[in-house]
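Shared between the two complexes below is subunit A, which has subunit B as its partner in the first and subunit C in the second.
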Partner chain A sequence: MMAGTDAGTARLISKNGITALLEALIGEWEVLAPVQLREELAFEPITHASQAVLDFSNTTRPSKNAIFPPCEVLFRYDGQEVHEPAFGRERVVFAMRPCDARSFLLLDNVFSGPPSQDPYYAWRREHTYLVGLACNHPSSTCFCSAVGGGPFDMRGLDVFLTDLGEAYLAEPVNARGAAFLERWAGADSGWYQEADPSAFQRKQELARQAERKLQIGAVLANPLVPSQTQERLESQYEHQLWEALGQKCLGCGACTYLCPTCHCFDILDEADDGSGRRLRLWDCCQFPLFTLHTSGHNPRPSGKERIRQRIMHKFRYFVANYGEIACVGCGRCVRSCPVNIDLRYVLSDLLSDQGQAEMTMNTGQCG
Partner chain B sequence: MRMETVAEVETKLRELAGVLLAEGKVDVVIGYERGTLPLRTTPCFIREAEAAGKLVWDATCEHNLARYLRSQRGRVAIVAKGCDARAITVLLSERQLARDQLFIIGVACQGVVDRRKVQAYLADRELQQATLAGAQVVFGGEGWQESLPLKELLWDGCLTCRQHTPLLYDALIGEPLAGDSEGALEEYADVAALEAMTADERWAHFSSELSRCLRCYACRQACPLCYCPECFVDQTQPAWCGKTDETTDLITFHIVRALHSAGRCADCGACSRACPVGIDLRSLNRKLIKDIKQWYGYEAGLDPDALAPLATFRPDDPQEFIE
Partner chain C sequence: MENTRLTGSPAGIAAVRSEKDVRNPYRPSPAVIRAITVENEARDIKTFQLAFGDEAARQAFQFRCGQFAELSLWGVGECPIGIASSPLEKDYVEFTVKRMGLVTSALHDCEVGDVIGVRGPYGNGFPMSALEGGRVVIVAGGFAFTTLRSLTRYILHPQNRDRFGELVVVYGARNPGELIYKQDLQEWSRRDDISLHVTVDGGDAGWTGLVGFVPDILKRVAPSSENAIAVVCGPPVMIRFCLPVLSDLGFTPERIYNSLEMRMKCGIGKCGRCNIGDKYVCRDGPVFSLAELQRLPKEY
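For the complex of A and B:
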């Protein structure tokens, strides 16, 4: 996309300019940016521009937390009185990766699709501006381009930043983004500079490099086609892989809690006599409690059924429901699995034409 | 006498596993195979002698495989480092395993790699491949290669470990390592640092660490000794622990878990290595381990016949704390 699109005008913002822009934003809005929490990076509200880490591979925790928090109070009550939570200021998620932006579009299907509108999610979505940061150096565990995304994919974002070294190319992706840039990086802001064609050339070169890096040694060499993936998985329900994975899987929630598209939740009432609160908490399909019936029966009694559910949900059921794969290829589950269950290899085994005959390393079954 | 190389140990391990399976002595061998990422192995379950060649042994064998034992049926062989064997000993003394169904392949261990030390060393650079070459780890990324002594990348617990060579085994692969009685570091130096803090400082330390918890329970799931059929955090009647991500609830989970493993924890560090956000879980356990040793002269997993101090009552126990 070149300068001067319908959405507005792209501009160059120097590195110092970004700091000034952030400082200006912090004064008025809630700014969520990648922050170093000991050894992890997570999107947290910042009070000073220097807290934002803008040079990173990807954040440990996904941006999802900004629109779908791990724990939120739906309402409190005291006797007959019910208090709904007050929403705060306008917000901006700053420097999120394109993979995380895609996850927001996928989550929209669930939380603000035609069948149901979630008011808590909808408020955050509407009042949260999304400023993306192009992924110049995808990690070797990344596979966004295999699941319909890309390191320079602008979809879902309002503003798209590309780190050109000395400055950022800031492109409005939609009218919201154009308005955002007009307000926070307008001609009178002091950090406005019109982007010349060379900036776009530089960006395109960076995009090509990033795409190339994703191709080198890619485990999933061919992009997954949602309908074909769904169809293929329909015949893999009894694949011997599930048993093998279930045997190895610890049954923890590291993969789901760091996943930008996992969205299962539980509703919990905390009551104390006449007062209390109702909470929405992330839940996790890898826990036995997730499907435990009141009777004591558990339809997913072991790791085999649980890990199958997680993968089937993302690559089969979600496709059936919404036409898209619920994975953005961020690789967080690959990196965080304590026992190195690698989704890329699991998929390549499940989708391979050899079917049951061929299983690669890491799927747990030997002999 | 010349020390056996890691590769020689690995060869012997494969041979033994192959023989155990071929002769029908065991139904499965639980060990490690090469993982998909640099410096990673992954647990494997080998049922055919022909597949024993997949087994690997080196300083990346970080998991405590003992956590898989209780769910296995039939006769099981397991690859066990010194700390893993201690955990097995605790499981045996808690009557969780049948000794005659278990074949412990002990491996003398010189310590395992701490992935977080590697990451800290690499900073922003991405590791694309790594090989262990004797006492050196050779790292490589896009257009760079360098090496570092393995000992600088070892898990902290390995530096204070006194049981590199398993105390309990059916076969020992590799020669017992010298220096088992003394670790590389003073045994409780880390605890001394914790004890030197004021109560407020300690509270601040644990609050800030544990407030980052995701509640993914990787620590609990990786722990060979966390085997309650239903964890107290999952119980709802009564609800012992809140379900939120508020610090009070997070701390409650971790403190109760630590106390539940007091006098049982073999200090293998599996909990901390499993944590996807790198929370320092081990220091909670370390203080308890030191206290148990100091007060009861007991260390978990050294002697299968020793009575666990917190699960034992003696009429002549001193009870000054009541008076």
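For the complex of A and C:
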């Protein structure tokens, strides 16, 4: 890896320099960075650089809310007068992991794809710079490299930071990122230092370590090939695993709310005497109401159908529609499941050639 | 983004997406209720005739038979409803709505002159190019007649009639009072270019027409399957019993079409709830051939 990609010049930014850079950014743009909210680490707008937590394995919540907020106003209305929300300043998501960056590329298929582009998503996507932070220490629940990503995967990001200990290596990933670095970490900024070859060597070493860590004891030893995964799952629709999973799953929806690629939403009105607003809120395929018809009929009446939908959507239907697996291997669903349903074991059972009778402790058995 | 009035502001609506020059797909166009027809004795099915508030919205709403729209009431919400009028009726759009939930009940409480929101049209619609040149067999039960009424009117239009072969319509309701589109049925019964069979599950003193379930009447009518396509809409139980009849008549799964109902929100394949396998009913449907449905999971 050579210093200076096509997009511009990489540089070293000291830890103090990052603080100064953030302070400068906050003055002009909206900055979303990992913030400690009680026990959770989540991406929220910050007003001081000191609020940003930059030393973590992964954030509890994904950065999805930066582009697709849990609740947003589509319109406000007063009588017959309708107002669309005004969008604000340029924004930056700071220190997001490569897995979250990949989730945006996957979500683009849905929100920017036919038959119509989603204007709310599109605005945020266009006006939000993405500054990634290399994943030096993947968790034991991480499996990004099994689903086409990696702890040092730069795709989807504008700028890529690697924590080298005493400083960050900041690499522009594209022209946007180069422009960002020129503006916010330019030669006159006071925290600019050109990256020497040793910085890249150090980065490569960290990348090797991170990838090695992912390999140790990996449940999904081989990367999933989207088309093969889709094909295999086509024959697993009636697998007995679904019934067992449906029995075990509480239907709490934690997996979907923490998933960086889940995109289902509800639209509803909140009104009072003719004025009000139409909202869009995250919704969840694990809830019975999600598919309940007004007639009372429900095409996915039990946990069995609902958990099957979640997994089939990500690993089969999404591949059929967009050619990619809708999972970035962040492991948040694995960590957050109150009954320890582990997607990695579910997949390895479904995809194994050992036949339908094989079920591991982690997926199939109840109790 | 600018603020615009919902009623009568073509320039405003066009300007909403000035930034990207794309209309906001979630924003309904205002439409005024021009007429309301109570369709059944139970008075829980009404047809709303709507006219768009401005020319741009009217022009943008170019639909095909079998498509649907999201009807919208500020403060209440939206619901997907099939389009019941023909695309050739340019001045208005009709929706037949049964009082069922929140939005449909609020809609039933609306009066002529009220303004509601419409966004769409959505979905694939009926396979018009496949239907042209052949026999069309329409099988409808109860309230599900709506988009098939659109199709029937479209085929019967003088401009179109020659492009289609024989038209057979079998339509049934629980009792005479529940038959909808009575005016259409009367007009059609006087024509010789449509073979119309209206039936009720149980007649009353004044009923002189057919009595029997739709599948049985379909069997008796026995429309030819030669160069024919059947389009079936109705309650699941009716569809279930019609399929073997059609199969016996020689209709292959590729030549039987169905329009599906599903809980929907966005109408544009994003909100994620109306899928059957990898197909979104709002985007890839609501019309599917039986052959397509047989390849999909049975989650509908």
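Criterion: the second predicted complex is superposed on the first by the 362 of 367 C-alpha atoms of A that agree within 3 Å, B and C clash if a C-alpha of one lies under 4 Å from a C-alpha of the other, contacts with A are read in each partner's own complex, and residues count from 1 in each chain.
Going forward, a residue touches a chain if its C-beta (ideal position, glycine included) is under 8 Å from a C-beta of that chain, and two chains touch if they have at least 3 such contacts.
Computed from a predicted structure; not experimentally measured.
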item: Fit or clash - subunit C, subunit B, common subunit A; value: fit
item: Partner chain in contact with A:Asp158 - subunit B first, subunit C second, else both or neither; value: neither
item: Which of subunit B and subunit C A:Asp342 touches, first, second, both or neither; value: first
item: Inter-chain angle, subunit B to subunit C through the CA centre of subunit A, in degrees rounded to a multiple of 10; value: 90
item: Subunit B versus subunit C as contact partner of A:Leu268, first or second or both or neither; value: both
item: Touched partner set for A:Gln247, first subunit B, second subunit C, both or neither; value: first
item: Which superposed partner A:Cys285 touches (first subunit B, second subunit C, both, neither); value: second
item: Touched partner set for A:Glu171, first subunit B, second subunit C, both or neither; value: neither
item: Subunit B versus subunit C as contact partner of A:His83, first or second or both or neither; value: second
item: Nearest Cα pair across subunit B and subunit C, whole Å; value: 7
item: Shared subunit A surface residues [contacts with subunit B and with subunit C]; value: 266, 268
item: Touching residues on subunit C, where the partner in the complex is subunit A; value: 1, 3-7, 16-17, 19-20, 22, 24-27, 30, 74-78, 100-101, 104, 115, 122, 236, 261-263, 265-266, 268-278, 283, 297, 299-300
item: Complex interface listing, subunit A residues touching subunit C; value: 74-75, 77, 80-87, 110-111, 113-119, 122-123, 237, 263-269, 271, 274, 276, 278, 280, 283, 285, 290-295, 297, 299-300, 305, 309, 312-313, 316-318, 320-321
item: Residue ranges of subunit A in contact with subunit B within the complex; value: 37-40, 55-57, 60-61, 70-71, 137, 139-141, 219, 244, 247-248, 250-254, 256-258, 266, 268, 270, 279, 281, 284, 287-289, 334-336, 338-342, 344-345, 361-362, 364-367
item: Residue ranges of subunit B touching subunit A (in the complex, touch as defined); value: 33-37, 40-51, 54, 63, 67-68, 116, 119-120, 124, 126, 128, 209, 212, 214-218, 220-222, 234, 242-246, 273-274, 276-278
